[in-house]
Each structure stands twice: as C-alpha cells, then as structure tokens.
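First subunit A sits with subunit B, and in the next complex the same chain sits with subunit C.
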Partner chain A sequence: MHARTSNRFSKLGYIGMSALLAATLAACGNNNDAEPAASVSAQQSESQASDNSAIQEGTTKLQEVTKQLQDAIGSQNADEVKKLGKSVNDAWLAYENSVRQAFPLEYVEVEKYVMPIYSASAYDKVDFEALTATAAKLQDALVALKNAKPTTANTSELLLKAVDNYKAYVQEQMDQMVDRTKLFTEAVIAGNIDEAKRLYPLTRVNYERIEPIAESFGDLDPRIDAREADVEDLSTWTGIHRIEKALWVEKSLEGMDQYADQLIKDVQELQRKVSTFELEPKGMVAGAMELLNEAATSKITGEEEIFSHLDLVDFAANVEGSKTVYLSIIPALNEKNPDLGNQLDAQFQKIEQVLLSYQKNGEYVTYDTLTTEQIREISDELSVLSTLMSQTASIL
Partner chain B sequence: MGEQSNKGGMSRLDFLKMSAVAGVGLVVGGTGMKVIERAVGSDRHTAVDGSIEGEQVVEMYGEHQAGIVTPQQTYMYLASFKIIAADRAALIRLMKDWTKFSDLSTSGGTMRTGDNPMLPPSDTGETYDLPASRLTVTFGFGPSLFGVGGTDRYGLAGKLPNYLKDIPRMPREKLDAALSGGDVVVQVCADDQQVAFHAIRNFIRLSTGAATLNWLNEGFISGRPGTTPRNLFGFKDGTANVLHQTTEGYDQVVWAGEDEPEWIKGGTYMAFRKIRMLLEVWDRSSMAEQQDTFGRYKESGAAYGKQGEFDEVDSAKLPDTAHVRLAKESKQLIHRRGYSYTDGVDPRTGNVNAGLLFISYQRNPDEQFIPMLKLMQNNDKLNEYTLHIASGMFACPGGIRQGEYIGQKLFES
Partner chain C sequence: MLYGGRGLRLHRLLLTILFATLLSITSLLTVQGKTYAEPAEQDMNSVLAATEQLIQQLDSGQLEQGKESFSAIKKWWNANKTEAKQQSLDMALEIDSKIASLSLAFVGKDVKLAATQASDLRFSLQMYEEGAFVMNDGKTNLSLGTYVMKLRQTGDLIERGELEKARTETKLLQRQWLSVEGDVVSQSQSAYSDSERDLVMLDAYLSSEGKQAEASIIVDRMVQSLSPLIDAQYSWWDAALIPLREGIEALLVVGTLLMFAKKSNSRPAQKWVVGGTMAGVVLCIAVGFAVSLLLSSSAFGRNNALINGWTGVFASLMLLYVSYWLHRNSDVKRWNQLIKTKSDKAISGGKMLSLSLIAFFAITREGLETVIFLIGMAGKMPAMSLVGGIAAGFGILIVVGFAIIKGGNRLPIRPVFLISSLIVFYLCFKFMGSGIHSLQMAGIIPSSVDDYLPEKASFSLYPSWYSTLPQLVFLLAGFTVIVLQRIRPTAQIKV
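Up next, the complex of A and B:
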C-alpha cells in the first residue's frame, strides 16, 4: 500500500535537481554574458532530449503493461487484473515526474486514468466493465502523450487554458449530478429506502467536488445542501440532508416527496447557472483552497453527514475537486513554482493513500468507526496539503 | 461571632477575621489574628476611570458594578455557578461572602490566617505580595435563578427583569450545554493573571455548600494603551465601542432602563458567546480573503474605502457578507468587552482550541443584541472560520454602596 508513496519519494531527489537546474537557468537567462548563456542553453536542450527519450521509453513500457491488463480484463482473470493494476501504477510512477514537467496537459489525462485502475486493484471484487472503459481511455491518453509537443504558451495563456479545462470538469460533474440526483429522487419518491441509500453518496460526490462553484448562486446552496444545524427555522429546512435524516434516522420516506421534487428542480437550476458561469484563474485557485477548508472544517468534524456518517465520501470528493484545480494549473506551476508542484504532487499522493486505506470494496467506511488517532492522521495530512495549496496563488 | 447577624454585611475588617469556610457558616474566633495591613480610607485619589492612582485599584462601589465600562484589563476569568443553597437565606450568605471577598481583593488585600496551624490557611496565598492590579469583579444572574425553565427555588420569579432569557437557537451554532448558561456568572478581570485567578479561585472556594461551578473560562487581551486590541485573527475588535463611550452613550447603550425592576437600575445585561475560531484555516487564507471577511484593512483597522480606524463606515464599500457591514446593518450599538482564549488541542484534528469569549453589555438585548446575532449567524462570512460553542445571558445588578452586598435589592426587597 505504501509502494506508490515510496516510489514517488525516490523520484523526488531527481526532480529537486532538475528544479534547481531550472532555477539556475532562469538566473543565468537574465545575465548578459553570452557565453555561459549559450553553454547553459546547450545543457538545457541536452537535458530536455534525455527527458524526452525517457518519456518515450516510459510510455512504451506503460502501454505494454496496460495491454497486458486489458488482456487480463478480457479473460476476466481477477487476480491477474489486481496484480497488473499495481504494475500500471508502478510503470507510471517510474517516469511521471518528467512527464509533469514536460507535458503537463497530457500528464493530467494519464493521471486521471491510472489512479482508478490502481485503486481498483485494492478492491475484493473487480468491476471488469468499468475497468475495460478506463483502460481504453488510458491507452488513448498514452498515444496522445507519445505525440505530445512541448508547450510554448506563456503563463497567462497557460492559466486561461487551465480555467477552460477546469470548467469542463465542473460541467461534467454537474451533468453527472443531475443524472444521479434524478435517480436518487425517483427512488425517494417511490419510497425505496435501500435504493435511495445506495444512490445518496453518489449524488454527494459530484456536489462536494465542485462545492465552491455550487455555492456561488445565492440561496441555491442552502436549499440543496443545508445541514440541520445551519437552519434557523427547522420548518424551512429542505434539500439532500433533510432526506439523509429521513433515510438514516427516521427510516421512513414518508413526506419526503416534496423535498425530492424540490431537490431535482434545484439541481437542474444549478446546472443551468453553472453552464453560463464566468470563472477567472483567481476564482479557480481560491476555490481549490476553499474545498480543502471545507474538508478541514465540516468534514473532519463529522458534522456534514451527521446521520449517514458518510463524511469520508465528502472529504475525498473535496480533495478530488481540489486536485483537479491543481492538475489544471500544473503548466503554470512548472513555469512559476516547480518546487511547489513537486510538493503538491507528493502530498496529494500521500493523502490519497491514507484515504484509500479506509475503503472497503470501493466504499468508504463510516466516519463513526474511525478512532481519534485515525482522524488525527487524516487531519494532519490535510493540514500539510492545505498549507501547500495556500501557496498556489503565487502563480497568479 | 456577631458578624454574621449584621444584616448589611460585615465591615471590611470583620471579614478579614473570618475563615474561608464561609458557605458552611463556620467562623473562627477573632482573637490573636493577624489582620491584613492595608491602607483603608486613606486619601486615595480616584481617577476618572475609577482607578486609584498608585494603588492600581479600581473602586468597586458606585452606581454601577466595575468591570463593565472599566477599560479592559489584560486577563479575565469567567465562571458560571449553579446555586445549590437550601434557601434564600443561604443564598444571601453566599452573596455577602462574595461581596466581602470582592471588597478585600479588589483593594489589594488577602485573608490572613489565624494562629492555629492545624487549620487550612484562610487565603490560598498566591497574591500575598501582589498589588490589586486593577482587579474588578462583576456579577450577573441567569434566567434559571428566577425559575425560568424550572422551579422558582428562591421566590425570585416576580423580579425577572424584562429581557432576561436564554439566547434563542441560532443557525450554525453547536452549543455545549455544559459550557453554557448558569444561575450566577462571575467575571473577574485584572492586569495580572495570578491576581485574577486568585480571586476566582477563592470565589469558588467560598461557594462550597451554596453553589457549584458549572464552567470556567480564561481569557486574555492585549493592546497598547489607547488602541483597540486585536483578536486572534489579527483584526481590531471593538472599534465601534468608541461611538458610545461617554456618560450619555453608556446610558443609551449599556445601563438598564427606567421600566426595569429596581434592582437592575444601574445594571445591565451581559451576553456571552464562546466562539471557537479556526485559527489554522484562517492562517492559510489569503490577505484579500481575510480583509473581505471583516470589511476592514487588517493593519490599520480602517473600513474599506477609508483611511483611519475610526472613520465612519460606508457599508456600500464593504462586501455584502462582511462582518462589519452586517454589524452596521443591524443599526444597534452594544458595548463589547471580549477576551481571547486558548483551550489546549483538539485531539482529532491537532488544531489548537482557541477563540473569542465574546462578552457584550447592553440595556436591551432583545433589541440590541439578538437581532444582530441572528443576522450574523445567517450571513456573516466570518462563519466559515468560527463556531459558536457556548452561550449565556445574564442580568447584572446595579452597583452597591459600602456595607451593601451584591444583589441586595433583588434578594431583600
């Protein structure tokens, strides 16, 4: 379980060196002395070339392992799939730092598909269907990486591109939220408690990933997401947590129709508003910080999901939403603050590892089963991540 | 032993002879006792703010209790008691003992022990060599003392003042009942923490048998003289106090109205909220975010669009949910006298438990305080970084003359 982390750290020494080199280059670039500049430039292209050949090699290797994984999926060999899921991760970790430096946009795509494959290798039950799709997308991403060209954009262009990518993610989450909320509210109206309980965490994930955006539209957020303790007059309490209480405490969906009807309407309204939402780099970076603050204030305390105790679902979703911002600003970080990028990369890995250890068959354990020491570990990792994330505004 | 039957309470010197086990009614013989050396009734010069030059003494007697409009001392203890006295007479004995100890300690004295070494010492002793350090003691009575929400144990229901009731449920609060409310609250303030603690410790000691301690908070606040102190978020806290710090201003904002029961004339209402401040989250927030949260510039304390801390706030220049904007929108003044606190470590997060012991004094909390609190709990951007964890409302009786005891008009009229 710590393999991903320790591999990652063994790479840090190398990255630290190349970051130092980059800093030296930048310093020399300002120097009018032509000679050292020329020799540095030679060094630079040399190091880039060796990086590029390493990336080509690494990608070829990763394509091969992924192909083996696809074969194992095809023959429904669960043990082999689990083993190869770890190998895919190892192959990626062996060279991903150089990819992040050289081809940040392509890096994000690969990272997006390696992670779920690796996670699935820890589950008892293998979801072959889901893995088939993910592995295929990973292959596409690897082809794109092999053909990638170094970016020549400047920081502000990189940031605008980052916002575009992030907006696409928000839209994707929003659309998924509408689909899932539809199923959830239908189950509620049909009085199907088991089905509603199964769908509940799915609707939470999308919302919690993009919470700062979802909170930007007046009273839509309180209507959808207010917790019992937030409300002044309990007769006006609506939304998902009202239904959460019915499902886990009242154990009856009687009278929940009105809240379900309102919920799907509100989520659809949110979708319309999000589709025309203007976002700037500043707001996006601040949003990543807000997500981690949310996790640190209402999730770590177990207050967000006070009836279902599914706080880890929300917590992980906050971290994922924040990571998406981080991934989209990697090009700008590479340009302005590569060290911070390295540290964030390592810390996201670390907190993902910790969270993963609380999953059983792909589902998080309930928060009330965690000991004080376990919560403390999660909180400490989150503190480190948040402190790093608070520095990302240095790229603006 | 005739001291106890003295209805108006004992004289200062009488009390000095008394042992500490007052609540139980035990009094040690007065012969052979070393009486405290203290300049009583000397030519003290009382300054405008009630402090006595050279002695660091704040006068406890007067129209109002000290510790309300007294300039803030550096340290505070706030203790809440549940009264368990068997009857009103026992409650009165407690109030007399407390009054006597207030008199003694605010003037810089300590109880001196008799010559029987087999007895526990009368005074806990940690202030033998310390000056009064502007010690003040302020008493307040909670709704439950008047039987609100329970039985009227002391026959005081008829004297409930107009606005004394628990603060109603507020959105986003997470109150701990064990840290909230109480029959009697005692606020002790001093410029020396040891002096302040000595006082609260002995109030607790003297209450044995008549009251038990519900909760105890410890606060601190510091600023250069004449400047507004800063809270743990680094922002000036209480800037708006300047708007009413005159005799007329206090009459309008702080001192209870003419339509109130006699005993609270010259008194006021204390609103208390223990507000956890999420320091770690705050410290990671950008300067822009921090300033937007308050609507003031951090360093100068000036409201957005202004130069100086005390320049009139132009609400339109502040973000909609800024703390200061909402405070202005309520169009009410309160007298703020809060203290910062730290409370160890949250074992689950590793974060420091710290925040604000919010204390405000006002003549009509229904009008001045509760709507403001509600507005803020609903809209204040500061809510992202704070959590209200305890609450209380207390009616503070008016001041007393020497020889009277605290709340005498309430308990004897």
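Up next, the complex of A and C:
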C-alpha cells in the first residue's frame, strides 16, 4: 500500500520532464539496482550444471544409507540404528549446501526428517516406532528431491509462499499445544504430580517455538505464560508458571485445578486467535529474530523456568522456532544473499551440536547443573547466530 | 474603464484562490494536529532512569548491582513489548535485540561490553520515547531534538570510520529532513538553507575516498546551527512569515505573467495564467492532505525533492525565455509595433499554454514548501495564532500582489519590462540552482562538492558543478543578449 502510494507521487514528479532527460536519467537510476541481481543469477547458472549431478549422486547415496537404517529399525538393532543415524546425517551434510541453493523447498523437507534421526542416535533408548515413520518420510522427501525442478518465482512470491508454509507450522504447533496442555491439565487436576512433571516440558516446547505469535494477543500471553517476577500483584498470577511453582517448589497440586481449568481455556482461545492471525513476511522474519532475543533475554539467564530449571528446553524450542523461519525463507535468501544462507546453516548446525551435548537420554540437563563456562559456551554460539539472523531483514 | 472591470474580475478570482488556499490549509492543519499514542510517560521516565543508573554501575565495573537495574528494564519491556510492536515493529525489534545483546553480555560477565550495549540501549529507548521511529503505517513523529541526536550519532559513526553505515544514516536523514525543516525554516532561514546544502555535501563527502575529516566538519556545523533551534516557541508572526517568504517568489512570477498578459491586451492569456495558478494551488493542497493523512513527511521526502527539482528546472528554463522576451520588448517602439500588428493575438495559443505552465510550476514549487513547512509547525503553537498567522501572511501577499499588478499598469512600459526581466532572470537563476540541488537530494543527480566554487544560499549557489554550470550558462546567455541589443538598436536608429 505504502510503496504504491509513493510510486504515484514519484510519477507526478516526472510530469513535464523532457523525454531525453527522462530516458537517460531513468536508465542511470535503474542500472544500479539491476546489476547485483544480474551477477548473482549469472553465478548461479554457471555452477548449476555441476551442482545438479552432485545432488543426484548425493541423494542416491543418502537413499542407500536410509534404506540400511530402515532395515536396522526393522530388525530392532539399536546399536546399528544409532550408528546409521549418524551416517544419515553425514551423508546429508556432505552435499546439503548445493541442495539449499538449487532446491530450497525440497531442502527444507529433507532437513526436517534428518534432524530427528540424527538426534535419536544420541539417545540411550531408541524409539523404533517414531523412527520408522520418520525414515519413511525421509525417503519420500528424497524421491521428491530427485525429481525437483528449479523454481522460477521472484522474491516477493517466494516470501509469500514462505509465510504460508510458516503459518502451517504455527498451526501445527498450536494444535499440538492444545493436545498436550489438555493431558497436562488433566494430570494436574487429578493431582498426579509425576505425570504433570513429565508432561510439563512438552507443553512448554510448542509455546516457546511460536512465542512471537503466541504473545501477540493482548493479555492472553501474560495469562498463560507470566513469570512470578513479572507480576505486580501475586494474587492475579495465573498460568503455566504458577503450576510450575506448585510442582517443583510447593510439591503439592492443592488449589491448582482452578489454574489448570483456566490454562486449557486460555490455550484453546489462543488456538482460535492464531487460526485467523494475519502474518506478513516482515513480521515473520522479525519473529525469527525475536525468538533468538527471547532465548538470550530470559532462557540463557535461567529466569524463564526459575523453579523447574528446564530453561534449556525453552532455549532449544526458541532456536527451533527461529530455524523454522530461516528454513522457510531460504528460497528468498538464495535470491538476495546466498552467502548469508550458508553462514546461518553452519551456525544453526553448530548450536544444535552444542545443545545436543547437554542432552542426557533425550532430555536436557537442568539449568542449575550448568557451570558458568558451559552457559557462556551456549550464549556465545547464540550471540553469533543472532548477529547473522539480524541480517535477514535485508531480504525484505 | 471597461478594461478595469475585466481586471477586477480576475483579481477577484485570484483573491478567491488565495482564500480557498487559506481555508484548506487551516483544515489540513487541524487534521494534522491530532496526537499519536505515545509510550506511557511515567513508565518511560523510570525505565530511562534505570538505564542511566545501569550505565553508571557498569562504567564503574559493578556488574552484580547492574543486574538489578537491568531486571527493571526487562520487566518494563516484557509488559510493553506487544504495544511497542503494534506501533512500530522496527523500533520494537531494535529495542528487543539490544536488550538481548545486553543480556548476553551479562551472561558472559563482560562489563565493558555490557556498558557499551547499555548505552546503545539507552539511545534506542530515547528514540522510542521521542517518537523518533517510523510507525507500522509509515508515519513518524520525529522532533528536531531527535534529528540533531541522530545527526550526532552519524558523526560518531564517521569518527569510528564506519562510513558505509554513516552513509546509510545520511540518506535516512535526507529523507527525514522534511519532517523537521518547517521547524527550522520558521526560525532561521540561513540555518535552513545551510542544512539543505550540508545534507547534500555530507553525502558527497561520504561517497568519496578520504573525505572523512570534511564530513565530520559538516556534521559538527550542522549540529551547531540546528541545536539552538530545538524546543523553540512560535508566535503568529512565525506562521505569517512562511507564506510570505515562500509566496513572494511565486507571486512575482504570477504577477509578472499577469501584467504581461494585460499589457498585451489578451484576456485569454490572463485566464491561462490564472488557470495555471489554480492548478498549482489545487495540487499543493492535495499533496498537503496526502502527506498529513496518508503518508509521513519523511516517506514523502524523496518525492518532494523530485517534484521540487523537476518543477524548478523546468520553470527556470521557461522563465529564461520570459526574461528574454520582456527584455527584448522593453523598447517602446518595438512594443507598440508588436501590439499593432498582432492586435490581441499578440500571444499565440502555444505561448498561452507555456504561461499557464510557468505559473503552475512556480506555484507548485513554492506552494509545496509552504504546505510542508506549515505542517511541520502545526502542533507546536496554539491553533489560533497559527491560523491568524497564516491569514496575516496571505493577506500581505494579496496586498503586494495588487500593488504589483496596479503599479505595473500605471508605470511606463520600459522600466516595468526591464525590471521584470531582471527579476525573472534572478528567479530563473535561482530555480535552476535549487532545482538541481533538490534532484541531488533525491539521488537522481550525483552529489559532488567542488570546494573552490562559490556558495550563497540566497542565490541558490551551491559548491557543485552540477548546479553551477547551468547557472553560468544562464549568465553568459543573459550577457550576450544585452551586448547584442546594445549593438543592434544603434544600428537600427541610424538606418
């Protein structure tokens, strides 16, 4: 709307301009814009031919490793599954850069399934059922990658598509949040402390992944997610952190049913509001940054989960949410700043690697067990990632 | 007598135009006067105080004590973030990111880094408090105080050698200039024209290698000349001066054209001039409404420079011809002959159109400035004195306009034509200089500084060959015409 209006005025400014002047000056003005775009696309087409055969080769190899993994899952061979999980990741890392450049949409699909397979390799216990499904989906994504055609859409079309993909993700997270919150609140009302404690981090994850959107609806966010330190009048304090305190500090769920009732109602209301939420590319890209800011401001400081010390769960969820935005804007990044895409990819891998080292048996260690050096190690990686992410605004 | 009646009707028409302008501007400013939602003042003050305290604590190395002040800031942000995002996503993200960086500096226990981040955060918070941000709808509430602060920030960037960033900031300052120029021009014409010149020079210096020191000097002198103007109070007279200052040139152009049309005994020509004037006035009012209702001044910034630039250049070229024509026909004999042979067809259709265009360009150029200046002043003074001031300004303009036309009618042809031709030449000289300068502001013509060239804002002389060269050509052309005419008439009389 804005750009259109300005255009109209600049046209007005040209009224009465002599044709000669107009032609020369306009040509000068436009050249500046056109040049970098032209050279980028020239570079791309140059390297495309060699990339394509590399992608075919790499994908064939990855398909073979995934087939071996599926066989190992079928025979319930845990050690073999763990070993092959790492091999799948290695095979993917070997050529993923060229895939990201050439077929960004297919890239996201593969990336989505390689990650959990790799993570599972670090767990003591192997969830064969979940892995069977993931491996099958990975095979589908690889077939799609082999048949992929280069996209011809321009940046703004790519961004609108990115918003659509991201909205689907938000909706998926929201639906899962409702399901998990339902189980959690039921456990709370039933007074089952152990079950509630087990479910608590699960309900946190979905919320923290889409936090910038979840907190856009007036007082719904404070009702669901307010921390004790942020509340002026403690008698008005409601939501998940209130129950967190009961579970970990008071060690009693007495009187918590009213908060549980309110919590599930609020989360359902949030689900309704999110389903009609209008999102624009700018807001989405800003969201990726906000998530990393959240991680830096309240998670890595241990303030978010002050009673349960599950801050790393929230931290990882923030990073995951941010990565989802990054994945969805890769096509646009390839157009405008492919180098930034490479750097972000490398840094996400690095921070995931670091986070993985703080998991024990698929669960994050608690914040209070971390040493100052360990906290600093995580925060340093986050700092690098934030600096890179702040540059993504340039693609808009 | 019959003649006088006709003239009177046209005068009445002009008067109506001016009156309509006045009314529209008044209503426009009332619309503009509405205030935007600003961050809750009390909260804002306490968070700024907390930031101040935090910086002091960090400067003296007290990281642990600093944590407490930082908690207060985080708490405030937690409560106000959503509202800030609704006002301006960019501003909110800026604050959010700075709080995040500061938090990481605390985690890393890096007091020095934390101190730097805290000052960065203070700067953003001040911007937020002052409304110095582009809102989600593209509007801005920028004050001169913040403008000067941003200028200082740009100066810091230059000193630190971050020239690319400084250049980006300068481009932004050029666009935002429109939001504050009304505030400046109403207090000091010289500060206004110097700043306009300096904004282009700053860009030029930052674009060329090794001119860092010169760029720094420019920033310093801009800060120096603008700082005393912050927080000024206005009287009705300040408001009156704006239409006077801006209008007098346009009035001179329109007055000359009208007088000329009248002397040539052509009623249609008068109508064309009035028509062009009217079109210009309507355009200015429309743009004024658009700027105050749809866009922000800074969003309009480049377009304004474009319109000012092109109208200036074209009006200048056409006025050059008018000046020549007036000068050539200032000879009484020649004039009478022209009138006799062509009777009331002295002005052909094509010429009438150009008369109309000249009036249109001149009015658009000056009128747009007037409207935008007045928008800048609205809200900084009581509505009554503003409206009264504008009325007084236009009133004086009307009187002067009558005087020009009446006086011109009574005086003999030769001096009137000679003087008008001089005035028109001066205007055409000036319009060319300022027109090119505006196009440099808009980025259509490259900015350059050639220090050895003279500069004088009242003649629109800028130290750049892009604007000086055409002006030199004008001078040369004017000179040639005078010399040629000196030779020829003597030859003719002898024959």
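Please note the rule applied: the second predicted complex is superposed on the first by the 350 of 396 C-alpha atoms of A that agree within 3 Å, B and C clash if a C-alpha of one lies under 4 Å from a C-alpha of the other, contacts with A are read in each partner's own complex, and residues count from 1 in each chain.
The working rule: contacts are C-beta pairs under 8 Å (C-beta built on N, C-alpha and C of every residue); 3 or more make two chains touch, one makes a residue touch a chain.
Since this is a predicted model, take the numbers as computed values, not measurements.
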### Message
Tell me the contact category for A:52 with respect to subunit B and subunit C: first, second, both or neither.
### Response
neither
### Query
Does subunit C touch more residues of subunit A than subunit B does, or is it the other way round?
C
### Query
Given the touch rule stated above, what does A:380 touch, subunit B (first), subunit C (second), both, or neither?
both
### Task
Scan A:218 for contacts with subunit B and subunit C and give back first, second, both or neither.
second
### Message
According to the stated criteria, A:283 is in contact with first (subunit B), second (subunit C), both, or neither; which is it?
### Response
second
### Query
Touch check for A:297: first (subunit B), second (subunit C), both, or neither?
both
### Summary
subunit A positions within both the subunit B interface and the subunit C interface are 229-230, 286, 289, 293, 296-297, 300-301, 372, 375-376, 379-380, 383, 386, 390
### Summary
As the complex stands, subunit A meets subunit C at residues 2, 5-6, 9-10, 12-17, 25, 29, 215-216, 218, 221, 229-230, 282-283, 286, 289-290, 292-294, 296-298, 300-301, 372, 375-376, 379-380, 382-383, 386, 390
### Message
Help me check something: in the complex, which residues belonging to subunit C touch subunit A?
### Response
71, 74-75, 78-79, 81-82, 85, 89, 93, 96-97, 99-101, 103-104, 106-109, 138, 287, 290, 294-295, 299-300, 302-303, 306-307, 309-311, 314, 357, 361, 443-445
#### Entry: Touching residues on subunit A, where the partner in the complex is subunit B
229-232, 286, 289, 293, 296-297, 300-301, 303, 372, 375-376, 379-380, 383, 386-387, 389-390, 393
#### Entry: Complex contacts: residues of subunit B adjacent to subunit A
169-174, 278, 280-281, 284-286, 289, 347-351, 374, 377-378, 384
